[in-house]
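Below you will find the structure I want to go over with you.
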Amino acid sequence: MNFTSDNSYGAAPEIIEAMARANAGALGSYGADPYAARVEERLREIFETDLRVFLVTTGTAANALALASVSPPWGTVFCHHEAHIAEDECGAPEFFGGGLTLRHLPGDNAKIEPEALTQFITECGARGVHQTQPSALSLTNLTEKGALYSPEEVVHLSRIAHAGGCAVHLDGTRFANAVVASGETPAALSWRSGVDILCLGATKNGALAAEAVIFFDPERQADALSSFEFRRKRGGHLVSKGRMLSAQMDAWLEGDFWLNRAARSNAMGQRLAAGLRAVAGVEITNDAAANILFARLPLALHRSLRAAGVAYYLEPASQTEEGDGVGVRVRLVCSPSTSAEDVDAFLALCAQPAEVSA
Amino acid sequence: MNFTSDNSYGAAPEIIEAMARANAGALGSYGADPYAARVEERLREIFETDLRVFLVTTGTAANALALASVSPPWGTVFCHHEAHIAEDECGAPEFFGGGLTLRHLPGDNAKIEPEALTQFITECGARGVHQTQPSALSLTNLTEKGALYSPEEVVHLSRIAHAGGCAVHLDGTRFANAVVASGETPAALSWRSGVDILCLGATKNGALAAEAVIFFDPERQADALSSFEFRRKRGGHLVSKGRMLSAQMDAWLEGDFWLNRAARSNAMGQRLAAGLRAVAGVEITNDAAANILFARLPLALHRSLRAAGVAYYLEPASQTEEGDGVGVRVRLVCSPSTSAEDVDAFLALCAQPAEVSA
Amino acid sequence: MNFTSDNSYGAAPEIIEAMARANAGALGSYGADPYAARVEERLREIFETDLRVFLVTTGTAANALALASVSPPWGTVFCHHEAHIAEDECGAPEFFGGGLTLRHLPGDNAKIEPEALTQFITECGARGVHQTQPSALSLTNLTEKGALYSPEEVVHLSRIAHAGGCAVHLDGTRFANAVVASGETPAALSWRSGVDILCLGATKNGALAAEAVIFFDPERQADALSSFEFRRKRGGHLVSKGRMLSAQMDAWLEGDFWLNRAARSNAMGQRLAAGLRAVAGVEITNDAAANILFARLPLALHRSLRAAGVAYYLEPASQTEEGDGVGVRVRLVCSPSTSAEDVDAFLALCAQPAEVSA
Amino acid sequence: MNFTSDNSYGAAPEIIEAMARANAGALGSYGADPYAARVEERLREIFETDLRVFLVTTGTAANALALASVSPPWGTVFCHHEAHIAEDECGAPEFFGGGLTLRHLPGDNAKIEPEALTQFITECGARGVHQTQPSALSLTNLTEKGALYSPEEVVHLSRIAHAGGCAVHLDGTRFANAVVASGETPAALSWRSGVDILCLGATKNGALAAEAVIFFDPERQADALSSFEFRRKRGGHLVSKGRMLSAQMDAWLEGDFWLNRAARSNAMGQRLAAGLRAVAGVEITNDAAANILFARLPLALHRSLRAAGVAYYLEPASQTEEGDGVGVRVRLVCSPSTSAEDVDAFLALCAQPAEVSA
C-alpha cells in the first residue's frame, strides 16, 4: 500500500500507448509537431476561450517559468506559506525570476486569507524603490492541504491582486481534482475567476511527465508569452523531440480521460476519509475535499502501519517516527492507481492495529 | 526639526576634512592605499582579534555582498520580518545571492524569537534538495525597532544558527549605537557572541558614505573572503579612488570618535523618549534603547507637528496622514547632528500643540 | 527524406518498449528507482571507473547544469565559437551559472586551437578581481562540425586547462558517434584524456529525451556533485517519475545498443559523403568523420532538392534560400533512422537534378 | 612620475570643496536634494536636449546598470573585445543583466568594425529562441586604446544597431577627453549620432567617485528608466546621502570645468606622444588621439624607467617585466593632475636612459 504521493505510480497505460504511437517517423522538433497544435485546440475547447499553451516536463519548471514571465526580478509573488513554490521547489521561482521574492501568506488549509493579501499588497511597495513591488499572486487549487477554493473565493483574491498590480497564477498540479471535486467547469475555476496563467498538471494524474502552462487572453499577455519562450529554452526545458510531451498531453485531454482519472483518485480519497473518521483516536486535520488527507494518528497505530509496510510521508517532514510521543502527523494521498482494495486494506489495519514494540 | 533618519544630515566635518587631506597626490587605487591598511589595523585593535575588512559605499551593498558570500543560491537566510534586508533593500540579498531566499521570523521589537529560529531551521531543509537549505542567520543590532540584543541573546541565537549549519551575519548599521547603549565591548557584541560577519555602518553616524564588511576568523572564512572580492568588483562596488572610503573610515574610527557620535544621538533619543513619556496621549511603542523611537501620536498632535514643519516618517509607510482617524504611528530618529534644542523644541510643540484644522 | 537533425525522428522502438515495461507499479520517485541504480552501474562498467551520474531531459540542461556546478558566477568557460553552448542554448550556461562568461575560441572544424586556449587562459584573470577567472574548458566530441578530437588532442587541451585552473567538460551529445568513428574506448575519449564531466547524450541517438551528466572521480568532485543536485532541482529538472529517464538510459546502454545505433548513423553519413564527393560542383566543407556533413551546393541543385521535398538546414541560418546567388551552404545530418534508401535517393537526385525555376 | 591611470590621483580640489560646501544641514536623501536637480538641468543645457540622469559611484556600476536596463537576460550586447565591459568589469554586465551575453567584436584601436557588427547582428538571433537576441551595442569613446570615434562613425554603427533591434550605449568614462579631442559638441558625439544611453564619467577627470547615467529621449525610454531605478537600489547603488554624488557632479559640470580638465590631460598626452615619437626604438602602437598612449619600449629603456621609479602598466598585463626579451608593451596615461614637468622628466629619462642590469 502506497499513499506517499500521486507520483509514486507510473503513467496510465493509455498515455504510454499514445507516446508509442506518436513515436513513428520524422516530425517537426521543438514543438512544431501536430500533437502540439491539437493540444492547444483541445484546451481552447475545454476552457472555452482563446489561449496559448507551452509544455514542460515538471511542475516546478512550469510554475517557475510562468512566474518569471510576469514578475520582474524586483517583484514580489504572494503565495501561501505552504505552497509548493514556497516549500518544495528549492527556490526555483527565485532562480528563474532573477532573484524575485516570495511573500508567505497565512490561512487555514493552505488557502490564502484575503485580508492578509490586502494588507501585504498595500504594505509591499509603499516606499517605492526601497521595496520589492507586487507582481503576482500565486494560488494553488486543489491546495497543498487538499482543500478547494471556490470560484467566488478565486474571484475575491484575484480582484485584490489585480487592483494591486499583480498577475494571477494558478498552480494546477491537481487542477483536475479540483474541477471534479467542485463540480465547476475548468473555465469557472480559472480565467472566468480572474486567473491569468494556469499551470495544468498531468503528471500526478496519469501522465509520465507533462505539464501545460496556459496563458489566457494571449493578446494582452503578449510580452509574458514572448518572455516565456526564451526562458523555457534557456532553462533547458525546450524538449527537442517535442512529441514526447505533446503526445502525452493530447491523450490525457482526450474525451474526459483527465477528469475521469481525477474522479477515481478523489473517490478513493473520500473513501479513505470516511473510513478514517470512524477510527478511534484518528483525527483528520485538513478539509479533505479530494484525494489528499492529513491526519494525526496515534503512535501505536502508526507503528503498526509501518510494520505492515504501508508507505506514506510524515508531515511536517521534520518529525521523527515517534512524532510527539503520543501521535504522529501524516499525509495520505490517493492516486488514480490507488485501488479500493488498498484503501480497504488500510482501513482494516486501522481497525485492528497489530501491537508493535517501539 | 528633522527626525526622519540618521542619514538626513551630511557627514561630520571631521570626516570631510579627512577626505580632503587624503586627496593629495597619487596613491594605489582599488584599496591599495595606506588608509585602507590603517583601517584594518584599527579594527583589529577595536575588536581585539584578527579580521579582514572590505569597504563599500552603502549598507545595502554591505549586507547583500556579505550574505551572498556565505550562502549558495539555494540557501535560506533567516531574518526578522522587519529587518532592513527584508523590507528596505529591494531584494538586494536575493539579487546578489543568485536567487537565495529570505525567511521572515517573528519577534517583538524586531528581535528574533529563538524558538522560531529553532523551528524554522529544523523544518527548512528537512527534505533535502526539494527545499532551500539553511545558510545564514542575519541579526540587526541596534534593531530596526531601536532595541538591543544583549551578548547573551546573540550567543543564544548564534548557537542555534551554527548548529543548523548557518553563518551568523550582523547588520550593524547602528552597531555604534548598540555598543554605547549596552555598555558592552565591540567584541562582546560581535565575534565573542558568535557573529561571523559584521557590516559596520558609518554612514548613519558621521560618514558620508562608508560601510565596513568585517570577516572575523579570516582563515576559517577564506572561501567567503575570496568570493566577496569578486562579488564586490562585479557588483560595481570596488571604488577606483579607494581612499574616498578608507579616509572616511580611518577618521571615523580614530580615537572614540565613532562612539562619541553614537553617544550623542543616543542621548538625544533618550531625552526625546523621556519627554514624550510625559505627553498625554502619546504612546511609545518600542523598547527605545538608543536613538530610535516609535510612537503613536494623537491625530491632532500629529497635525500640529506637521503644520510646524517637523519632519518624520509614518511607520508603516502605508498609513495615510490621517492614520486610523484617531492616532498616527510614527518613527522618530535622532542623529548625531540632532541638537538638544531641536529635541526640546519638539517637546514644547507636543506640550502645547497648535490647533490645526484637518 | 529528412537530413535536418538527428532529433527529427522519434525514439528507437526498443526505448519506448523499455519505458512501457518500467511503467508498472509504485517506485521510488525523484531518482530513487532501481533503473537509476542500474544505469550508474552500467556506466561504471562502460567507462571502467568510478563515477556519479545524473539524468536530465535535454542536452541544454545537461551542459548548463554541469558548467554551473564547476564555475563560479565570475568564471570564464572556454569553448569553440561554434559550440552548442555558444550558439544554440540561448544563454543557458550564463543563466544557470549566475552570469558566468563564455569565451569563444577559434579553430577549424569546431575544434579548439591549443595555442588560442593557452593564450586566452593566460590573459584571462591576469588582473585579479578586475576580470572573470578561468573556470572550465568545454569541448564537444563529435564536434559541431562533425569532426573528431583524438585522445591525444583531448589530453593536450585538458592539460592546458587543468594547468590554468579549469575543469574539463565534454559535451557528448554525439559522444557515441565519436566513440564509434574513432575506434577508441569511452574511457580513452573521456576521463583517461582528462575529462572531468561528460554530458552523454542519448536523445540524438535513440532515446526520446534522456541525457546523462557523468562526474568522474566523484570524491574529488564532491562539491560540484552536491551543487549539481540542488541546481537540478531548482532548475526544474528533477523529474518526479524518475523512471521515465532511467528506463530510457538503462535500455540505451544495454549491450552495445547505443554504439550500434551510432554505427548506423555514421555509416549513413559516410555513404552520403562518399556519394557527394562524386557530384560535380558540390564541395564538402568539413572534416566529416561521422554522421554530419557540411557542404556547399550549387544553387540549381539546392533548388531541385527543395522542390523534391528534401529537408535540411541552411548553415549558417542567416543565409537566404538563394545563398550567395551561386551556391548555398547546408548541413546534412544522418540519424540512426536514416535508411540507405534515403541516402541513395538523395544521391540520385544530386546526380540528376531536376531543373527548377527560381 | 605616475602614468598608470587617470584614477591614480585624488579628486580636483574644487570637487572636494564643493562636497564640503554641500555637507551642511539636513537635505532630502536618496537623490531628493537640490544639487541632483541642478545636475539634471545642467546636463540638459550641455546636451541641448531633454534627458534623465542617475548618479552612481563607479563606471562599472554605471555601465552594467545601463545595459541591464535595455537588455533582457537572453540579450546579446555587442562590444569591442577590448572594451572595459568585456575586460575590466569581472562580468558585471552579465551579473546585472541576469546572465546576458557579451559578444566581442574586432577592430583596430578598440573601434568596432561596422562590417563585423552587421554580420554578428545578422547571425545572432536568426534561429529564434535557440539563440540569444541582439539587444544592445556598446561603444566606448574615447576608446580603450585612446582613439576617437567621429560622429559619422557613431552614426554608422548606431544605424546598424537600431536596424537590428539594439539600443546604443556609450561608455563615456573619457567622454570629456573625446569631446575636447574631436572638437565636436557633446550632443554631436551622443544622441545626435544615435546614442540612447551615455555613461558620463567624472571620476577619471576630477571627481572622487561620480558617474552619470544619462537616458536621452526619456519618454521613449520610460521602461528602461523605471527598470534602472529598481536595479540601482537593489544593486546597492542608491546612496543615502545623495548629495555626495550630486555635489561632485554639479561642481564638475559647472562652467567648462569638466572640459578644461580633459583639455589638460589631452595636452599632456599629446606632449608625451610628440616627445616619444622622437625617441629611437620607441614605437607608439595606438592612434593616440587624447591622453592615452600605447607604446613598445626597448627593454633597456623600460628597465631604466622602472629603476627611476616611473609607474605605468604593462599592456597586456600577462607580460612579464621582460616583455618578449627585446621590448615591452606599455600603457601610459596622463591625468589632469599630470604636469608638464612630469612629462618632460619622463622624456628626459627616455632620451638618456640609465644603464640598468637585468
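Residue numbering begins at 1 within each chain, and the chains themselves are lettered A, B, C and D in the order written.
Everything that follows uses one rule, which is that a contact is a pair of C-beta atoms (placed from the backbone, for glycine too) under 8 Å apart; a residue touches a chain by one contact, two chains touch by 3 or more.
On a predicted model such as this, the values are computed, not experimentally measured, just so you know.
> So which chains count as neighbours of both chain B and chain C?
Touching chain B and chain C alike, sorted by label: A, D.
> If you average the Cα atoms per chain, which one ends up farthest from chain A?
D
> Please report how many Å separate the Cα centroid of chain B from that of chain D, as a whole number.
So the centroids are 34 Å from each other.
> In angstrom, rounded to a whole number, how far apart do the mean CA points of chain A and chain B lie?
About 41 Å separates the centre of chain A from that of chain B.
> So how far apart, in whole Å, are chain A and chain D when each is placed at the average of its C-alpha atoms?
Those two chain centres are 51 Å apart.
> Which parts of chain D, given as residue numbers and ranges, touch two or more other chains?
73-74, 89-91, 95, 98-99, 129-130, 230, 233-234, 238
> Give every residue of chain D touching chain B within the complex, in rising order.
Spelled out, the residues of chain D in touch with chain B are 2, 4-5, 7-11, 13, 16, 19-20, 22-29, 56-62, 64-65, 89-92, 95-96, 203-204, 208-209, 230, 233-241, 243-244, 311, 337.
> Which of the residues in chain B come into contact with chain A in the complex?
Residues 73-74, 87-91, 94-95, 97-102, 104, 122-123, 126-127, 129-132, 316-318.
> Please name which positions on chain A make contact with chain D in the complex.
72-74, 98-99, 129-130, 133, 227, 229-234, 238
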